[in-house]
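Labels A, B, C, D, E and F are assigned to the chains in the order they are written; within every chain, residues are numbered from 1.
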Amino acid sequence: MRIHVINPNSTATMTHTIAQAARAAASPGTKIDAETGTNTPASIEGYRDEAMAVPAMLQAIIAAEARGADAHVIACFDDPGLAAAREVAKGPVIGICQAALQVAMTLAARFSVITTLPRSVPVIEDLVRAYGAGHHCRKVRAVNLPVLALDTDPATARARLLAETRLAIEQDGAEAIVLGCAGMADLCSWLSHTVGIPVIDGVTAATKLAEAMAGAGYLTSKTGAYAYPRDKSADKMTGAA
Amino acid sequence: MRIHVINPNSTATMTHTIAQAARAAASPGTKIDAETGTNTPASIEGYRDEAMAVPAMLQAIIAAEARGADAHVIACFDDPGLAAAREVAKGPVIGICQAALQVAMTLAARFSVITTLPRSVPVIEDLVRAYGAGHHCRKVRAVNLPVLALDTDPATARARLLAETRLAIEQDGAEAIVLGCAGMADLCSWLSHTVGIPVIDGVTAATKLAEAMAGAGYLTSKTGAYAYPRDKSADKMTGAA
Amino acid sequence: MRIHVINPNSTATMTHTIAQAARAAASPGTKIDAETGTNTPASIEGYRDEAMAVPAMLQAIIAAEARGADAHVIACFDDPGLAAAREVAKGPVIGICQAALQVAMTLAARFSVITTLPRSVPVIEDLVRAYGAGHHCRKVRAVNLPVLALDTDPATARARLLAETRLAIEQDGAEAIVLGCAGMADLCSWLSHTVGIPVIDGVTAATKLAEAMAGAGYLTSKTGAYAYPRDKSADKMTGAA
Amino acid sequence: MRIHVINPNSTATMTHTIAQAARAAASPGTKIDAETGTNTPASIEGYRDEAMAVPAMLQAIIAAEARGADAHVIACFDDPGLAAAREVAKGPVIGICQAALQVAMTLAARFSVITTLPRSVPVIEDLVRAYGAGHHCRKVRAVNLPVLALDTDPATARARLLAETRLAIEQDGAEAIVLGCAGMADLCSWLSHTVGIPVIDGVTAATKLAEAMAGAGYLTSKTGAYAYPRDKSADKMTGAA
Amino acid sequence: MRIHVINPNSTATMTHTIAQAARAAASPGTKIDAETGTNTPASIEGYRDEAMAVPAMLQAIIAAEARGADAHVIACFDDPGLAAAREVAKGPVIGICQAALQVAMTLAARFSVITTLPRSVPVIEDLVRAYGAGHHCRKVRAVNLPVLALDTDPATARARLLAETRLAIEQDGAEAIVLGCAGMADLCSWLSHTVGIPVIDGVTAATKLAEAMAGAGYLTSKTGAYAYPRDKSADKMTGAA
Amino acid sequence: MRIHVINPNSTATMTHTIAQAARAAASPGTKIDAETGTNTPASIEGYRDEAMAVPAMLQAIIAAEARGADAHVIACFDDPGLAAAREVAKGPVIGICQAALQVAMTLAARFSVITTLPRSVPVIEDLVRAYGAGHHCRKVRAVNLPVLALDTDPATARARLLAETRLAIEQDGAEAIVLGCAGMADLCSWLSHTVGIPVIDGVTAATKLAEAMAGAGYLTSKTGAYAYPRDKSADKMTGAA
């Protein structure tokens, strides 16, 4: 089985962290095909960054499918372009936010999400609601560090993530924690052992769900909202329908 | 890996159908440990049936975990006792309704569910809403056959299921179909090929998600709502806290 | 009129507290038929306890109806088995949680619930939402005492309940308080007088609503979700429908 | 016990129908104090009618309380001025719409409402949602007759109500019917016997709930949204707070 | 263009503040026709005040339309009688709460509302939800001053409004502030400059939206819920339909 | 005042229709600066088309603001890139879908939307819900014609739009109609006159709201979710925060 993991941003060190998490999660027979965005923002910190990363990501998905990908993982917690990716792909497309929330709802009755910058809080809150996890997610919190600082200042990142996790447990009654950034994947195991409750990294969650979906032979519906994009070449002629 | 699949009702032929679907879905290294309910109703067709099936099911889950189960699948579409099962289990517990809905939300923007008896429609609607799929599920439909008739009158079952599926596609705009009964598992592939859109059987979906969850090493949170049941032996003495 | 009040747990002292509250609330002509669960958990503190208490409770409801009960009160704030009870009963079945919330929504625009253990908070939150009170209930709080400690350590229970009520008034803007455990029934009057806002005990609320429903001659609908459980004896033969 | 029943409109024949239903529902010791609106619209068919009926209704509530009313019933299915009435009253105030929905949610998992004019459908839908019954109410239907035609053209009213009820059962899967107009109170028993499922008249429901609330000694919260209206005489001086 | 601005309460100084804000917002060709309520409460601080102000307000709207008003602004943040006003008016009717929330949702992803008295908090929360802004509004806060104190004690009003705004920014993550009282209109510009985020006064917002709606030629739908009130004179005769 | 109207697709004839509608709606002093997308899809019919159109649209918005635009209208009913546009713009950004829904909720209690292709129905349903109009919108319907057929086959477009509108009025109880495609702008007046209820074209609605917002001096919040995109150049160095 071949799982295509696309990091929509252009930072290769972050792709490395993501690929490591995906490979650690993957079953023996699974090949992880990890890619970095081409000419996309260095990190996804808001709606504009998302928008600028999606066109290249869609091309990468089409190309990966052509070279044999059975399923796709979008490795950014904002799930940029998830619906568009489902339109262009035949195989299942898994967003790490949606995957992490599905796992969290299975393991715990209530959880909190911890992301990087405060500006991402409303973005993620809206995803939580759209994915139907609104009544299970206690709070979306932020450590107030840029995405890339997870890599350049790991000590601060760990300290703030641990502090925010403890607040989530004490103040929110969180029974599990969802890491709200693909770049936090390498902190998952450490954090879970430190605080003693499940911590869910979206890259791991999405990799396993992608394997599960592809393993079951599931394909994206090609009727309705996720049908392939239409060829409009005939539309400009009279009477097209 | 060892996946425990419990059919909460007491009909062994239905367990057979379920076990076949689970084994067909399972990865090579996975052992399916399928069980039938002991002294439980012959089928689960309403809240009372659910209630009467759960105590034995919880014992089965505890016993299966003692003999090495890594994860559990509750193979009844009402997900009876799902939260209680998560309380007594260490490993992840997957309900086939919740699993099927998570898969459906990944493959399609809109879907419909087709179940057996009309009395189960509100039961399933409430699950759909509780699991956060309310805005994605167009309609819960019923073929108006008892659960056991899927086995005793397969021709009628197939005919009605196909007719209802066509209504779901035409009237609801369903882009995928969720089979709303574990006993329909063997009709999934036929139906999907006949109508040309994804059809999701909960047993298959749950088996794959159980493998994914166990494969990632996820465990049910033991803090909060899913903590192990309390030992109350000390509570009747003064000052217990 | 005869109101059947079932305490689903097996602690007779708690049934005593419940029966006292029900009798104090009942109209002159009403007979309270109070029962303790048989071989059920000593207290209901989570989903497993609920599940283990329901089968005996359903038998008790059927038996009480046979001896003339006009309506039933399930005297546990988790409303365990409420829908199943409605399936087996002809008369109305009132859950103390649903009753208390209906009263609270009539008396106040915003209220908070105070229960025993933190693990019950998500359980009650989900009921609040399912019963349509989500936008009226400010918060579900817990005094962090086991159910049985209400009886064995009443001084601590009173102190913590009062403290939590004051937080609900100051921090939540609660205009009324709902007591989130049947075992708190005897603290209702004291607490209301102490803080000067309505305090609603579910046993009292449910007893009065049961009298009202039975007095109006209302019966549970036997069409659809609450129809009597089906006799499945014919289902295993070919062609059953 | 003394229950004040106010018909907010000015049609005395309708008050007569309402009073009969309330008296038929009342317990032996209960006195029904039924009143007609003074200088209010002849029927309440929309928001303007509601608005024009409420000031007189509030005065009637204050006066009734002065002469000993223990609780109040607003006998119009739009529940006009319900929150305002709770502000001016010490005792509980029951709206017949809210009461009927609470009863319906107790007796059935799914129900439909049938009202008079189509213009009232959105009015009632918004109440259903505000009262938390949105996921239990299948549909709000209208017989397309003015309120007063229930009295002047009873044959047509019965025929259309029966036809619409049958549609609700067949198309909506309604397990119970809520009558969406106080003027339908006298059709409740006939309709229920004809179709064989519970039919809920708001006047009956509200009278019984008012008795229950008053019997329990419940009073409207005087903290927060339902506190008595403020005396503003001091506000125009500097520094008022 | 002629915009009718009705202050439903009877305090002329407050109408003066409102009219100033409306005129400051209006385009050159727009005439603001500002009115004070006749024999209505001195301020609107709860449901009873609303109810007592609406009948006169509806007459004012009808009269204003007769003298040429193109659109109407209800200048009280509770939007009293908004639906009733739409029934009697031909032109668009804008409530300042709904208008302010529409503007807020356009300018910011998350905002908080700050009103006068705590008793108005649930009133406004329910409007926020009814207008579909529930997931965008972080919190409804109160400065705990009567409406008229905005005029009689402006120093305290400013101090408390600023303090509450700072809490909204720090604790709620508010990206914009909505002023929850028409009497705060003159504080809008000062507050926005002081805190550096958008502050939205409903009078300004509603005046601009009224101009926009009238400018586009939009008229209130006269089909369904906002149809003109019915003439019931024929209803009391047999057979009316 | 200068309103920038961007048609995100690359079809100039459609921009022409849009610009005509915007200019017809604009006040005398307003200059409409209408643009066609550069190298974007010929029409926006799904998520991929949206994604491919947004980067160029963001550049157009930045450029328009540099040349003096006071506000922006995104003239595609899917509101592609609306949040991203708010991030890069200082002035208000109006999506024609959000604008049309805000107008519809002001003019009518219930409305339906009519769009082009069935695949756009879930897209628009999700917007309706996200914008808080879910309980006011009866149904999203489709005429089953490609976007460009509005131009190439106007007779069929008119016929189908009228037929679907009549269904919306009869079956949905729609009190107003929202046109669900920018390319339908020129059909608005004709349709409204034909069916006699308000018909809302998003281009007109958005142009008027853009004028209103700019006229009031409103600016997009630059705190939180809509803050300008971050400069990440320093993030790759150690210790960035």
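FYI, a contact is a pair of C-beta atoms (placed from the backbone, for glycine too) under 8 Å apart; a residue touches a chain by one contact, two chains touch by 3 or more.
This one's a predicted model, so the numbers in the text were calculated from it and none came from an experiment.
Novice: Which chains sit in contact with both members of the pair subunit E and subunit F?
Specialist: A, D
Novice: Please indicate which chain is farthest from subunit D, where distance is taken between mean Cα coordinates of the chains.
Specialist: A
Novice: Based only on mean CA positions, could you tell me how far subunit A sits from subunit C in angstrom?
Specialist: Computed value for the inter-centroid distance: 42 Å.
Novice: I'd like the Å distance between the centres of subunit D and subunit E, where a centre is the mean of that chain's Cα atoms.
Specialist: From the centre of subunit D to the centre of subunit E is 29 Å.
Novice: Counting only residues that touch at least two other chains, what does the list for subunit E look like?
Specialist: Within subunit E, the residues that touch at least two other chains are 83, 109-110, 118, 121-122, 126, 135, 173, 224-225.
Novice: Taking chains as nodes and touches as edges, what kind of graph is this: line, ring, star, complete or other?
Specialist: Shape of the chain contacts: other, as it matches none of the listed patterns.
Novice: Using the touch definition up top, name the residues of subunit F that touch subunit E in the complex.
Specialist: The touching residues are 25, 27, 83, 92-94, 98, 102-103, 105-110, 131-136, 169, 173, 175-176, 196-198, 200, 204-205, 208-209, 211-213, 215-216, 218-226.
Novice: Once bound in the complex, which stretches of subunit F touch subunit B?
Specialist: 118, 121-122, 125-126, 129
Novice: Could you please specify the touching residues of subunit F with respect to subunit D in the complex?
Specialist: Within the complex, subunit F touches subunit D at residues 109-110, 135, 173.
Novice: Flag every residue of subunit B that touches subunit C in the complex, lowest number first.
Specialist: Those residues of subunit B that touch subunit C are 11, 41-43, 45-52, 54-55, 58, 81, 83-84, 86-88, 117-119, 121-123, 126, 130, 144-149, 151-153, 156, 224-225, 227, 229-230, 232, 235-241.
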